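One chain, chain A, appears in both complexes that follow, with chain B as partner in the first and chain C in the second.
Moving on, here comes the complex of A and B:
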């Protein structure tokens, strides 16, 4: 690999700055706007401002802003990973980029089959957005995934995709599938249809939120214990919550890193499985055959 | 600052989040997957090209080898035939030389024979003449008179011819 040129290095540096800056901005915003809490306060996202909209006012909250920051950051990371990649390779980032692409391709192929090959960027998007949204708790930010609305939006998109692929097998077939195995099951089938996105969003949101809640409770509890035991010590020593040092980090390892990554993976897996199992391949192929036959007939008529 | 309830549903936030996921999907597709796929495809193309080039080179090498083998074989055949023809010409030539020599020798022998014959004839002629002379002398003496030598020579010659001939064959 030949020496990187000065221009190349400058662009690299700008891209790295571009991927770090949004997170830094979110941290600054958090520091400036987060009200000091007394004791245990478990609330949702802070509302920056509210836009008047029909049906319901639209609050622009921390979860939205943090989501956007994550998106911008991921965008710059993408640019960084693909900057200067070439056919011959040689850059470490190219290996990472190719690894991401190949792994998601394999994952999608294994779980959804060849028909859904083009889904790998979407699955990578779900994985990336979900994982990074959860992982920004590591720098003290409010995780957007612990806001129900955010995850519900993703689940709604998945629900739309599921319904779209179900309708590919024909509208009649879709409606008929609700009466399986017999007509009395129709209400249950409708409920189960809507249960999919609801369960997906609640699972993800609940896991991340419970992590935050438990972390807050443990931190408060440890402060209490520390006050109780060390409170008799004179001066600053008594006020300092010594037990809060270190112990919450172990919990954070589980709730922030492991749970965040795992929930992202679970959400992506469920997305893949639900969409691919919703697609009635046989019916779709039959319909395609019928359409082709019709077209051929028409073209024959035209030529005749 | 206000904050949302822990569990709150807001249709606009849901839609914003939905749009966010779509945006990240498009960003990933355009800025990560497309360039990487392009590079991977290009690499695959180059590798395929190299493989096919190697295959072609192998094929041509094999063809060359075959051609060389054929050429070598033909060269060997040629050498064989050359040697054979050379041997044949040599044989022919030696035979011819031997024949020539034989002929020459025969010629020489024949010449020698004819020379010998000639000599003999000469000698015979000489002897005949001598005998004729002698007999003429004898006859002269016997008859005691002069005989015309020339008149009798023919007669004596013919007489001696008959003897000489018998003598020669008798030799």
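Moving on, here comes the complex of A and C:
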């Protein structure tokens, strides 16, 4: 293996700093702006400031800032993983990058079929962003995924993609699909069309939010228990919440790590399944055939 | 009188949140059934463990949705509804 040059190492260090710095910035911002509270309070995201907009004022909240921090951090991690890779291989990070790409390619191919092969970067992006946004709680930050607005934005994107691929089978066919199996079902079909993004966003946000709410309640309860048992002791010893040390970490193992990663996987999985099942392959192929036949006719006319 | 009205609003919000979470029974039974069937399937065909587990987790996540709707409503009732309802009451009194 070749020895790494000085320039290579400098760029490496810069990329690592670039991936760590946004998270550190978010932590500093949280420490500086989070109001001090007595006991345990369950609140939404902090609003830093509001921007004046023509229709409605736009609040810039913690969830927006944190999700941008995650995006920048992920961007630098990706740059780090792909820095200095070659066809020969040899670097350890190349193995990791190749493993990630291969796994997502396989996942997309298994679940969506060959036609949607090009979707794997998008799916990997959704998966990585969602997982890292949930795992950001491990460093004590407010997770952007426990804000409904963030997740609803992702679900809206998926909804647009679903509608786009449904329209590929022809506008008439798309409108006709609402009256299946008969005309009286139209309102229900419209509701079920909108239920997909709503259920996707509620599932993701509800799981992460319920985790943080339950963790906060358990921490408050344990403070009460330790006050009840140790409260008679004099001085600092009586005030020290002994039971809050370590026990909530067990819950955090499930709610933060397992649930966060699982919800990211499920969100990506549902994205894949919804998009691939929305696409009417037969109708699209028929339309393509018709178009081709038309073109051939025209070109035949011209040549004749 | 205003105190009584606010007390009724807060109490009913808490009661409603508690009642909304009765919906947690459904997903619990459903997910239990799904996991039981998955265990049976793995016991019968141990080689299909990976596929069965993935499918089961997907199914559990989808079955969980109704429970999460209830959770979202309960959270709205506890954290959001009291303030807005009391605001409506106050604006009504101010008239």
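Keep in mind that, in the parts below, the second predicted complex is superposed on the first by the 302 of 304 C-alpha atoms of A that agree within 3 Å, B and C clash if a C-alpha of one lies under 4 Å from a C-alpha of the other, contacts with A are read in each partner's own complex, and residues count from 1 in each chain.
The rule is short, and it goes like this: contacts are C-beta pairs under 8 Å (C-beta built on N, C-alpha and C of every residue); 3 or more make two chains touch, one makes a residue touch a chain.
All values derive from a computational prediction rather than experimental measurement.
> Mind checking chain B and chain C on superposed chain A, clash or fit?
Aligned through their shared chain, the two binders fit side by side on chain A.
> Check the residue A:303 against both partner chains and state whether it touches chain B (first), chain C (second), both, or neither.
neither
> Which chain, chain B or chain C, is in touch with more residues of chain A?
Higher number of touched chain A residues: B.
> Could you tell me the angle at the CA centre of chain A between the CA centres of chain B and chain C, given to the nearest 10 degrees?
Rounded to the nearest ten degrees, it is 130.
> Output check: A:58 vs chain B and chain C. Expected answer is one of first, second, both, neither. What do you get?
Touch partner of A:58: chain B, not chain C.
> Have a look at where A:153 lands relative to chain B and chain C in the superposition and call it first, second, both or neither.
It touches chain B, and chain C stays clear.
> Between chain B (first) and chain C (second), which does A:269 come into contact with in this model arrangement: first, second, both, or neither?
second
> Taking the superposition as given, does A:199 touch the first partner, chain B, the second, chain C, both, or neither?
second
> Let me test your reading of the model: by the given contact rule, A:207 touches which partner, first (chain B), second (chain C), both or neither?
second
> Once the two complexes are aligned on their shared chain, state how close chain B comes to chain C by Cα atoms, in whole Å.
Nearest C-alpha atoms of the two chains are 6 Å apart.
> By the touch definition above, which chain A residues appear in both interfaces, chain B in one complex and chain C in the other?
42, 44, 209
> Which stretch or stretches of chain B touch chain A in the complex?
Against chain A, chain B makes touches at 1-25, 27-29, 31-33, 35-37, 39-40, 42-43, 46.
> Going by the contact rule at the top, pick out the chain A residues touching chain B in the complex.
Listed in rising order, the residues of chain A that touch chain B are 33-35, 42-47, 51, 53, 55-59, 61, 63-64, 67-68, 71, 74-75, 78-79, 81-82, 85-89, 94, 97-98, 100-101, 120-122, 124-126, 128-129, 144, 147-154, 156-157, 209.
> With touch defined as at the start, can you tell me which chain C residues reach chain A in the complex?
Counting only chain C, the residues touching chain A are 57-58, 61, 64-65, 68-69, 71-72, 75, 79.
> In their complex, what parts of chain A are in touch with chain C?
42, 44, 199, 202-203, 205-207, 209-210, 213, 262-263, 266, 269
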